[in-house]
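Here come two complexes built around chain A, the first alongside chain B, the second alongside chain C.
Then we have the complex of A and B:
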């Protein structure tokens, strides 16, 4: 299970303020906390700044990677910001995300083919958002085919089935859960990834809903998740789930986490 | 005429009772506009209010809206020539380049529930399309939604298009969506900002001087 830490996003007020004031110490601290909590990638997103994203995204890359030694998930749909951010990035980043929306696809494809990177392929079509599992599978299939024919390896593709709120349509959870194994069986080697918070939009006790959804998604084969790794309860669920699915040899990750004091048991 | 049982049923999302009560009122020869206003719309006002206060949750609000829709279907055959009086016409859509429709649909549903007539242009709506529809329908309000910081500028472009076509002063502009703020609404010259579907109704009424 690959974990992408989601906390460095300028839609969060403290992050936005730190980026504007150039508070690199704060940004570094948020990055370090996420890595210590188990993040494999750290997501950086400065999308709320629209025009200034071009300057802020590369700044985030430099700032974060001067404090931690892991690759980043460059979270932007702006090709210009991505090109500049990629210049400074060390190692193999993940780019989040390309989709089937024509303009986005054509503007980002040259960016991601020019670098060795992992790419998030969001199941958003030109015409609208998917509802049923079948819609997700067909958008994913077309995206995967177009990306692989542009020379991107299946293993570098992380399909995001696009999680939508169950509060609006109770079928939204199962649509994603069905789409995950179908996509992965149709394209052996391809990865799947998703965020969690959309699923619980409009509901009370959202974290409970999020972590149960994560458990179900992992059980359906999800290979990566964008989440807050410093959220103890969520990470405890993740580790227990992986262990129960036989993905944690000798239960060692689970036990290590327990001994490190990061398992929440109530 | 009081429609407490009907209103209660709509608030609770009790479709069967609500339909029965609506049918009963119609058969008793009640005024259809009265059933709509005092029974159904009054109920949705309560729902919107409770939702804004966090006392009701999204699925419950949708359940109430669905209940109301079913009742309206029963009323439709009895509408007078020319239909019923609406609170005003709203042209609604998600701005150009943006395909997110959930929030916009909720706003549309709640505005209809409150008695507005809603013309939904769906998603990825170009500024010219908003302008054309506002002209064609003589709409009082145009509502724009954007879920991406990258598509927010299309709100400003649409407002500019309304100015350029000379109809800006004939229509009120209301905007909303996750990245949108009251400050942004002010900056781009919108008339109102609605953070959620419940407040969209409140703001729409304020814009037209209702209540």
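Then we have the complex of A and C:
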């Protein structure tokens, strides 16, 4: 299970302020906390700045990678910002995200084929958002086929089935949960990834809903998740779930996390 | 999802003391709390008393059913205690449990065929406890075939796949999780049930492990669980999970529980 830390996103006010004021110490601290909590990748997103994204995204890459030595998830739909950010990135990044929307697909494809990177393939069609599991599988299949035809390895692709709120349609949870194994079985070697928080939009006690959704998604084979690794209840669920599915030999990761004070049981 | 409240068990000191002293008010209170928290059945177990079980189990049935109007789960391997308890029981009880152990099977079969009841069929073989999923499926299959041959309806059978600690063998979680849908697909109409707490035996933060196991078991199709319905975190997980699996139309059970103060999100 690959964990992408989601906290460096300018839609969060403190991050936005730090980016605008060039507060590299604060950004570095948020990055380090996520790595300490178990992040394998750190997501950087400056999308709220629109025009300035092309300057801020590369600045985030430099700032974060001068404080930690793991790769980043470059979270942008702006090819120009991505090209500049990739210039500064050390190691193999993840690019988040390409989709079947024509403009986005054609503008990002040359960017991701010009670099060795992992790529998030979002199940968004030209015609709109998917609803049923089948829609997700068919959008994913077309995306995977177009990406592999362009020379991208299946193993480098992380399909995001596009999580939507259960409060809007109670079938939205099952739709994603069914799509995950179907896509992974149809294209052996491909990965799946998702964010969690959309699932609980409009509901009370959202973190409870998000962490149960994570448990269910892991049980359905999810390869990676975009989440806040410093949220102790969420990471406790993740570790307990992996153990219960037999993915933690001798329960050693779980017990080590408990001994390190990272397990929350109240 | 059928919930069997597990709190009236003489292995718990306060229950044992109340049973010995005939404190019917305390027993009634524990029963009522479980019903208020969502129990569909209330388990009664006086097994620690061995010889006196034959008096205490019927007393528990009378005492509990004079305070609540739902059926009980008569939790005993003692046919004499069960026969006496069944005399006093109102409605259709659940009997917990028969198994493939020869003596137990032959002594309990006449008891459960003489009454209209649901029956827990524990995956314990004459030769010992199952380890892999396949062992559970084969013990379950033999038990189901013998019970249905004796005239018990598939729908009245609740197979307990016998939860064992992941701390002993990290495959014990998956073994149960795989056995649940396999048994239910092989015998359409049959139910599954399990207790949770054995899964976390020997581990720290046991309640965290138990509630994640419940989420996983529900995702694999579990029909019923023996648990403490007054444990708020556990019931919050249960409600969130059912909603995420599309089993809670308009999210109404979840939202109602939240409004009633039953959802814990910390």
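One rule holds in what follows: the second predicted complex is superposed on the first by the 266 of 266 C-alpha atoms of A that agree within 3 Å, B and C clash if a C-alpha of one lies under 4 Å from a C-alpha of the other, contacts with A are read in each partner's own complex, and residues count from 1 in each chain.
The working rule: a residue touches a chain if its C-beta (ideal position, glycine included) is under 8 Å from a C-beta of that chain, and two chains touch if they have at least 3 such contacts.
It should be emphasised that the depicted structure is a prediction, and the values quoted were computed from it without experimental measurement.
Taken together through their common chain A, the two structures put chain B and chain C side by side without a clash. With both complexes superposed, C is the one of chain B and chain C in contact with more chain A residues.
Shared-chain residue A:201: touches chain B; no touch with chain C.
After overlaying the two complexes on the shared chain, residue contacts for A:212 are found with chain C alone; chain B is out of touch. Of the two partner chains, chain B is the only one that A:128 touches; chain C does not reach it. Fitting both structures onto chain A leaves chain B and chain C with a minimum C-alpha separation of 5 Å.
In the superposition on chain A, the residues of chain A contacting both chain B and chain C are 167, 170, 203-204. By the touch criterion given at the top, residues 11, 47-50, 77-78, 101, 103, 124, 127-129, 164-165, 167-168, 170, 201-204 of chain A touch chain B in their complex. On the side of chain C, the complex with chain A involves touching residues 166-167, 170-171, 173-174, 177, 199, 203-209, 212-213, 215-216, 219-220, 233, 236-237, 240-241, 243-246, 248-251, 254-255, 258, 263-266. Residue ranges on chain B touching chain A, taken from their complex, read 57-59, 62, 97, 99-102, 105-106, 123, 148-150, 152-153, 179.
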